[in-house]
Amino acid sequence: FGLPLRAQSGPIRVAGIYTVPVEQQWVSRIHLAALAAQEAGEIEYSYSENVSNTDYPRVMREYAEGGADLILGEIFGVEQEAREVAADYPDTAFLMGSSFLPDGSLGNFGVFDNYIQDASYLSGIVAGAMTESGNIGMVGGFPIPEVNRLMHAFMAGVREMRPDATFQVSFIGSWFDPPRAKETAIAMIDNGADILYAERFGVSDAAAERGILAIGNVIDTQADYPDTVVASALWHFEPTLAAAIEKVKAGSFTSENYGIYSMMQYGGATLAPFGSFEGRIPQAALDLIAEREAAIRDGSFVVEVNDSEPTAG
Amino acid sequence: MEDNTTPALRVEGISKRFGANLANDAISFEIAQGEVVALLGENGAGKTTLMNILFGHYTAEEGRIEVFGVPLPPGRPAAALAAGLGMVHQHFTLADNLSVLDNLMLGTESLWRPVSARRQAAARLRKLAQDFGLSADPDAKVGTLSVGERQRVEILKALYRDARILILDEPTAVLTPQEAEALFATLRRAVALGLSVIFISHKLHEVMAVADRVLVLRHGRLVGETPIAGTDPARLAAMMVGAEVVPPLVAASTEGQVLMRLSGVATQGQRPDLRDVDLDLVAGRITGIAGVSGNGQAALAALIGGLARPVAGEVSLQDQPLTDWSPRAAIKAGIARIPADRHREGTVADFSLTENAVLELYRSPGFSRRGWMNWPAARRFARQVIARYDIRGPGEGAAVRLLSGGNMQKLILGRLLERDPCIILADQPVRGLDIGAVTFVQNRLLDARGRGAAVLLISEDLEEVMALSDVIHVICDGRLSPAFPRGSKTVAELGLWMAGQGFSHAA
Amino acid sequence: MSDVIAILISASFWVALVRIASPLIFATLGELICERAGVLNLGIEGIMVAGAFAGWIAVYAGLGLWAGVGVALLTGMAFGALHGVLTVLFGLSQHVVGLGITLLATASSYYTYRLVLPNVSSPPRITAFPVVPIPILSDIPLLGPALFAQTPLTYLAYALAIATALILARSPLGLAVRAAGENPAAVEAQGLSVAAIRIGAVMVGSGLMALGGAFLTMSAFNSFFFEMVNGRGWICIALVVFGAWKPGKAVAGAFLFAGFDALQIRLQQTGLGTMVPYQLFLMLPYVLSILALVVMSRRAEVPAALMQPYRKGERR
Amino acid sequence: MRLEPVANPGIMRRILPPMLALVATVLLGAALARLAGADPLAVFGLIVKGAAGSRFALLETLNRATPLIFTGLAVAVAFRARLWNIGAEAQFFAGGLLAVLIGLNLGPLLPSAVLWPAMALGAMAAGAVLLLGPALLKLRFGVDEVVTTLLLNFVMLLFVSMLLEGPLRDPMGMGWPRSPALPPEARLPRILPGLRLHWGFALAVAAAILIWIIDRKTTLGYEMRAVGLNETAARHAGMPVRRVVLLTAVLSGGLAALGGFSEVAGVRGSLTLDLSPGFGYTGIIVAMLALLNPLGVIFSALFVAAIFVGADSMSRAAQVPTYIADILLAFALLAMVLALLTTRYRLRRA
């Protein structure tokens, strides 16, 4: 049941609270969507970045006390406390990145997640078609579900084209250590990888330096690496945010899982345009992608969600 | 511009204040070229402060200094060095981990030279060593040298920089008589070469032996000045203290039972170790240990203080063989120590007088119970020690680092005597102390003997040992001579023993 | 085991080793110079961040690469000057000042970054130093490409390592620095200014730390990210001790550490890597450093006056 | 120039320099805010408001100070005995880890009154063990503890990470590296319902008082200070130096670990890798700011927390990049240690 939030017109006040700087791939999608909404006059947006989880609940309270209508963020490390804060401020809508499902008793607290495994799967098909050695390197920050499930979907896509593909997997134990990510990627290239799954900054640089290919994740970096990044699984936060804004304005914000807006059906995930690689991807792969994308959109094909830590092999 | 009538050094109206303490009060004097001047004064009279001002470590509030007629800019050791001042500090200013040559060359070359001219420097060092009779291995690490050798390096440092005025702040405090004699020989050569010397010492016979003239400081003021000819140690002592100094009077005392007995004891870990040592500490007796430093005194003190255990032989306390031996056990057994190095081993500089007063006693019932300190009792105790032992300083709550060496020693003495120990281990008890303090400490040791304590007096000053001890052992290379009763041996005879002769199976 | 051998005989492993070691060499030398003068510089982590940022932003703003290196150096020296004044002149706790400077340097880099680049989704990239193989030398098998097919900054690191070792061991300046770390009273008694020597050493050392940071943004990578220094500064403090305060040994330590790092990155791909949690690999360099310390500690000679403030005119 | 100790600093000398340090911090804040295009005049008010302007702000400040009191005490105890413990961060995590392990395994079996002490003691034991290692290496082999404790921070973090991604991972946690949530009986209750301040704060204050009493009133405290200031003299005086160093390690490591317990059981409810945003390192600053005085630690922790919380909140209100909070905190710390020096020393010619 939703609490009776007041309907309102004009821009609503939105606050973003991020535990990492807004450059981080994942958060940047939220941040950019919010900036765009502000540009469009829909919201007034302010944000705090690099907030440690120790301080997270305090910052939530501060924004809530300060009269924010909608608070965006990510509560992966502070699930319970965040919910307690939300309970204390029933007039504020909270939309939080979370691995958990919404709590029915907290009407002002919705969750989302980047369910872009569909796009990752499609990008895997591209990788499977482009690899020659069948040896693919994947460099991740930490093996968390948000990373794992995309890696698994990607691997499934690769195997569609190359059932014999082998994968190298490394976690560098940091979200922000591009030199280390690059070093790890180089080691994978030396170990035979000819296409890299670029979960972290730094991986595409290694690929570019060694003249091999990379598949992007969450954001589109092809403009920066025109000869390297073939395809990317993009996350679009805009549908999620639009839905939330609309509901807040209408006073009908409820506790629900906004994660679905990240799925392909809702336009929350896409395969990035091939751009500079247009025409260099085998037709068989393009055909399979078209077929599977249609099937995903009409619900007849579901990419498996596997949150366990991927291993090499 | 300079001729032989220009004084080498002219000091005019130097005053220096530390907080409320006027350490130097309008001091003026002159020193001629080729003159040796001794600076005397009680502990804390302001001698070191004055020298530190000369050398630019401190800046005086008032006054001016001229070296060979040229005003010396204040507060800059570099300027003092350039003007020809060389200083041998009371506490050596050597870097232990660097070689002798490194210590010597430090600061003598332009810092922007790419490579040090070490070969030339080594040659120069050899020449100096010849000229002044000071040998030193340029590549030896200073930390491995004996105190006497370090002293030589300090002097070489000054000579290396062509010092024309040599300041020696208590250079002999840590030297053996032999080493001190060698130092004086060097000084004579230096003076013959035209150098002037300022010499600080508490040992009046040394002053008589080397100085031409004496300046006396008391409470920061220059209170007297006299040529050496026509004075004597007693007069100098009186000038320093401001009253007649009576040397300790050794009354007869009655000896009691053997309190501690070492038979055939050997140790391991110190160098040199004790070998086959027999020693009796008897109630009411002062047992003196004479010997050149570094011959096993440290091992003996460590053994008796509980820091080392015997590896052979037997130690018994009042006829009970030792079982568990540690500093704690030694303290419990009624052994009290005056350690050789009061700064390192005897006190905690940043602790208050109160905290230092109970350093060895804090576990005894009066000062703590079941782990709880009784600070009021400790404070009372500290005040009592301060009063009885005439410790001059800012009070029981102040840090011990603010005390002069003599007062620090009185605190150590007071805290151990107040607990009525049965055995007193006095290791170099008067090192660095002024004549008044020396007399005071020696008198207290005699008092303790009179009360029936056994005193073990370790000293490199043979005169002191002979004056105070009822029996004397000579220590040499870790072995102990038989006990010689008071007066049974002459200085010369003891000297032979100290050189190693007479020991039964000499190595 | 055969996996390990296969890695050890691959040229790319050795190339990576030197690349990973380069920033560590800069910063380790920097810390070593500070400590030889008697000052523990815990500002290292932050100064590396500041160097990484300043060099990179300067190049991004249009300066040349080497000018960027100069900017990084000056930035490091500025923080070094602050550290020196507070710890040497005023004798404040080296722990507090160091940690404070780490916080200050890091936060002000981030703050400036955000002011300059308020709305970017990924940090702009610069053209970093390219690999410049040294003719002939780089043709030596295995070691050639590792040592001599690197970017110019790595060569600078070699040069600085040699220079530091020579200056410390042979020159009057090096002697003064060493003496300041052994016994400042000895330095003052020889007419030198302890404060000037120590502050100078901290400034130069901090400058080198900043170069270590700049290596990350201008050579190992080509843009600046928050937290990208990622504890490397703390490692360098350990490396100085590991190297027993000797430049040669410390650099060897940096290579060793980088070797473990390059090895663990590669081991993660082997059969071993799938069985063992990756954290164990990441722990490897730290644990081995501690073990190495235990083995060699007895011989290490700590500068005797390390962490001891020296105030002129104070009674000792 | 030289610094001369002031024997009896007057009231002005005691108060003025710290005030100036605060004023300088605010001025810097204003200047930085100006750079970011915000209103510099509002800065002071916003900092005060954010740190203590409401009951909520005040409690948040107390809340953030709590772990800092623990780590600050840990460092103060160790540094007093010249045991350079830079590893409070690791000990903090070790405490959090043990508290969670005990809370999860015994939580369903024991009443809170038994469970809390069990968790706290377990945590302290873990922290103690973690510092005993370096202390023993120092005593036995002379290994520099600055480095060993520093390196152990990394090892511990990786170890916790390994557990959180392995055996300790919450089966209900959707795969996140996080321990299962503590059962309610293992949680420290709030001091007042509805507020984030929990009994950990009271525990921290009690710990500070206890340490102060140990330091000033017991033989152990006396021995610890003596060993720290002059180990040789302490040995000569018959103090059990080895035991004192090891006890110091136990106490120090235990205190930092108690902070981990308090944070896990009082605030977070489960163990994650981001349990501490550097509390262990900040503890060093807190301790030194307090001149290693255990009671002073309470105030310096509050000071550090207030500056951070206030400046952080100001950054939001004034729309200035968040990082200003750390700049102001760092600056305030440096200015404050300098100010504290000038309360005790005056500058004079050498």
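Letters are used for the chains, namely A, B, C and D, taken in the order the chains are written, and counting of residues starts over at 1 for each.
The rule is short, and it goes like this: a residue touches a chain if its C-beta (ideal position, glycine included) is under 8 Å from a C-beta of that chain, and two chains touch if they have at least 3 such contacts.
Please read these numbers as outputs of a predicted model, since none were measured by experiment.
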Next item on the list: Any chance you could check whether C-D or B-D wins on number of contacting C-beta pairs?
Entry: C-D
Item checked: Most remote chain, CA-based centroid, reference being chain D -> B
Next item on the list: Determine the centre-to-centre distance between chain C and chain D, using the mean Cα coordinates as centres, and give it in whole Å.
Entry: 28
Notebook entry, point to check: Centre to centre, by mean C-alpha position, how many angstrom separate chain B and chain D?
Noted result: 45
Margin query: Counting only Cα atoms for the centres, state how far chain A is from chain D in Å.
Written below: 36
Item checked: chain C residues counted as touching two or more neighbouring chains -> 110, 279, 282, 312-313
Checklist line | Residues of chain A touching at least two other chains | finding: 50, 173
Check: Counting only residues that touch at least 2 other chains, which ones in chain B make the list?
Finding: 57-59
Check: Can you list every touching chain pair?
Finding: A-C, A-D, B-C, B-D, C-D
Notebook entry, point to check: Can you list the chain D residues touching chain A in their complex?
Noted result: 50, 54, 56, 60, 63-64, 158, 161, 165, 173-178, 181, 194, 196, 263, 267-270, 272-277, 309, 312-313, 315-317, 319, 321-323
Note to self: Quick check on the complex: what are the chain B residues that touch chain C?
What the structure shows: 55, 57-59, 76-82, 87, 89, 91, 93-98, 102-103, 105-116, 157, 401-402
Checklist line | Of all residues in chain C, those that touch chain B in their complex | finding: 170-173, 175-176, 178-179, 182-183, 185-192, 301, 303-304, 312-313, 315-316
Check: Any idea which chain C residues touch chain A in the complex?
Finding: 10, 12-13, 16, 19-20, 110, 119-123, 125, 216, 220-223, 225-228, 230, 261-262, 265-266, 268-269, 273-274, 278-279, 282
Next item on the list: Write out the stretch or stretches of chain D touching chain C in their complex.
Entry: 1-3, 32, 35-36, 79, 84, 86, 137, 141-144, 146-148, 150-155, 158-159, 161-162, 165-166, 281-282, 284-285, 288-289, 321, 323-327, 329-331, 333-334, 337-338, 341, 350
